[in-house]
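In what follows, chain A forms one complex with chain B and a second complex with chain C.
Up next, the complex of A and B:
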């Protein structure tokens, strides 16, 4: 297999992986309105835990890390996802219950930096600044894959996982819980007034989203076989935000488009450009600055993203009639009916 | 015990840097009501402005370069507000948009610094320094000057807010923007002045951070940002005096703890204090009503 295909499958892998990451952040921010600026921290937890679950005991490996259970794929991946979710519960109990938007964002971005600091400095946890490496490639032994054939194979595995997780996510967003999330995003006071336990719903959304973050992180660990703190500087959270804002908030297909544009075309493709002589890293720096500028332009000219959120028609269709017949209404419908009945425009 | 007093000295220096930066962040937050996540990069950029004047362009004395670089950063902040942040804040009612724009701005500025100055550690061109014994505390000339600057600035901000017409307008706007506007205060002008002050304080604190740490990298401001957040939240968001008190508390706590634990984690102590504050008194020590 030649180099071009190697690059193409690497891009395919990152496309699917960031699709998963974007779905996780989208349910937190896009559906529920939680500004999770620590998102990349949850990704890192998933990655590290997946790594230490599949690595053998650290004695004799030249690395220092906890556990080392030699668990097979995908058990290690699932443990990684669940650990990220468990961490989300702790974070939500401390921060989410007490703070509103900006304060929450400040605390979360601080959390992201502190997590980074601790993982970077405390070597016995995840091998410090060197990070984990030589993580076993899943199925490589069973299927006799070498380094070249592993890449397309694992890009395919990630594609299947992404499709599965997309199916699950579209079930979640269409469920009553998904509608409650959107109601909280649009106005948490109204949602609370209608009897919804806002914190409980936000907690649910954090747990689901962080599971996606953990899985996405674990897949990166398995794909590249290594992971270290430079991969998850707090600014990386912004790349995931860029994916969902460019693609379209609250729209799963849009997220795939966003992942294609931001992650594949803007983040990874320029890495294959030849370096400018005498200026190491200049292309990466310029690239990151361009992503920032593009995102601001996007927010200004097309705030709904490339693919707009679908209008949830059930919200307005015949809600009033069904209210009169005593049918059970969703939150959106209740709000619409209430607005209709009181003659006030929907806020 | 000597170690303890030495770390108290370092703590006072860190507290001075923190106080200047935290007051700059709080002033702007009080007026515009959103957090500037690019503040850490404002600090680093201001420090690089001073560095350029000190080492690359005019070879100015370090303190002259500090003042010029900081004022340059203040002007830069006014431009950023005028062309980027203010239009977004006017157009979108939800704070999220402008928050994410400041986040994007932080990415742009950080990588601009990397593109221009590279990732290498830079050093200011400083005169030879001497250490002085003040009782049990040991401080260099530069550290004493930094502390002096911080004390003067805090007094200056206090005088500005309490006695001048401009300061009164700022406090009025911070309490209630629409009411201030209907009372005839030119809110746009106040916002511009506030951005200038905030940018200048960011540039100044970034430069003195580089001076006290002895080196300068583009990421220095961002790594310091969460310590500022800790000081601001512990003090009570939006409260200027809270920011000063928070800075003193966090500055002393981080440096004194460094004498007893691995110094690599000293800044994380700030986060621990932040979490404890959230658990015990979520609105901060000097909370203003309606802001938390």
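Up next, the complex of A and C:
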């Protein structure tokens, strides 16, 4: 396989992987309104746990890490996703019960920093700053894949997983559960007045979203075979935010578009471009600036994102058109009534 | 005005069982008593008005009764169940629905979705059911949609069913808020100034809806300043002043009460208008 295909399939992998990550953040932020500024932390937990589930016992590997259970591929990934979900429960119990919006966001970003420092400095956990490496490639032995054929193969696997997760997510967001999430996003006080247990619903959304984060992280671990703290600087959360804000909050197709534009075209493609002579690394650094500018431009000119949120119309829910529909007070009628009232006040 | 005088009935006795009752409810904000020992019965199946001068503690009381604030002292009962300081969603599930003084629409949802959210006990809110019992979820959803559309027809919002709620006018938002609460099939409806900022034509319509709800057996407690409205649609009036129940009874009887006139009605009569 020549170099070009290697690049293409790497890009394809990141497109699908960030689609999964974007779906996870979207259900939390886009659907339920939870500003999860610690999102990348959940991704990292998924990645590390997938890694230590897959690696053999650490003795003799030259690395230090917990567990080391040599579990086969989909199992280790699932454990990674579920661990991220379990962590979400802990975080929700601490932070979500009492805090809302900006205060919650501040607590979460602090939490992300704490988690980062622990993983970066406490070596026995996930090998500290060196991170995990030499993580076995899934199916490489069984299918006799070499380094070149593994990349398109795993991009395909990720595509299948992304498709499955997209199907599940669209079922959820289109269901009454998704509607209740959006109600909480729009006004949690009203949702509570209508009998919704806001905390419970937010907890649900956190668990689902964090599972997606964990799976997305685990796939990165499996794809690259290594994962260390430079891969999940707390600022990386905002790349995922950029994906969903550019693509379109609350719209699963928009998320795929966002993943394509931000992650594939802006984050990863430039890494494959030839360096500008005399300015090594300039392109990568420009990257972050370009994403920032794009984000600002989007929020200014097209806040709904490239693909706007779907309006759930009655007909699309299977309701038949009705005739004789009773009187609707139009704006004009209301204004006329008001003018009448001010001219001759009721006594 | 130290001792609360009571006119007519002292409790729910004369009206049969109380749908909602509070006793000695007290709430202080940094030492200032917003509600100071308010207690009354809301008779079942009737329309009761909660009136009183500005600062009497009406909205605070509504917030306490609906679980959006906790009280420092006092008790609250829905029927025979004590619900003192229960969280709002549990009180809502007991069948007490409230509306807000300034309409609060779920702006990103359509008008129809605003109503659908309110439907009780939705199987589709449980994630397992979406995948394991899709038929049941679909059937229930279809019934809810039909009922919501019926309500939208009744409240004259049918044509706006697919509009985002944030695009509605003020009056339409009021109607949406009431119809959304009705969608939840309440036993008790707590309306916080349903007529505030509403034009006279719409006041008549909302008044009609409230009487329809009464006919359907819903108990209504409404905070209201417009005494014409109170006179026309309310069976029972509770006067709140300085956080206490000052008097209760029919409006005609209360007009004769010196304390009430001094505390509230006088204010209005002096101003020469009842809005």
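Note that in this section the second predicted complex is superposed on the first by the 308 of 347 C-alpha atoms of A that agree within 3 Å, B and C clash if a C-alpha of one lies under 4 Å from a C-alpha of the other, contacts with A are read in each partner's own complex, and residues count from 1 in each chain.
Following the convention adopted for this analysis, a residue touches a chain if its C-beta (ideal position, glycine included) is under 8 Å from a C-beta of that chain, and two chains touch if they have at least 3 such contacts.
As the structure is a prediction and not an experimental result, all values here were calculated from the model.
Visitor: Determine, under the contact definition given at the top, whether A:291 touches first (chain B), second (chain C), both, or neither.
Guide: First partner only.
Visitor: Look at A:171 in the shared chain and tell me whether it touches chain B only, chain C only, both, or neither; answer first, second, both or neither.
Guide: second
Visitor: In the overlay, answer first, second, both or neither for which of chain B and chain C A:234 touches.
Guide: First partner only, chain B.
Visitor: Just checking: does A:309 make contact with chain B only, chain C only, both, or neither of them? Give me first, second, both or neither.
Guide: Only chain C; A:309 stays clear of chain B.
Visitor: Considering only the contact definition stated at the top, list the common interface residues of chain A for chain B and chain C.
Guide: none
Visitor: Going by the contact rule set out above, which residues of chain A touch chain B in the complex?
Guide: 33, 35, 37, 94-95, 98-103, 105-107, 109-111, 113-114, 117-118, 121, 234-235, 238, 241-242, 245, 281-282, 285-286, 288-289, 291-293, 295-296, 299-300, 303
Visitor: Quick check: in the complex, which residue numbers of chain A touch chain C?
Guide: 168, 171-172, 175-177, 179-180, 182-183, 185-187, 189-198, 204, 208, 250, 309, 311-315, 317-319, 322, 325-329, 331, 333-334, 337-338, 340-341, 345-347
Visitor: Could you list, by residue number, the parts of chain B that touch chain A in their complex?
Guide: Against chain A, the touching part of chain B is residues 34-35, 37, 84, 87-88, 91-92, 95-97, 99-101, 103-108, 110-112, 114-115, 118-119, 222-223, 225-226, 229-230, 232-233, 237, 262, 264-265, 267-268, 271, 274-275, 278-279, 282, 292.
Visitor: For the complex, which residues does chain C have touching chain A?
Guide: Listed in rising order, the residues are 66-68, 87-89, 92-93, 97-98, 100, 104-110, 112-113, 116-120, 122-127, 130-131, 137, 141-142, 145-146, 149, 153-162, 164, 169, 171-172, 175, 180-181, 184, 199-202, 205, 228, 273-275.
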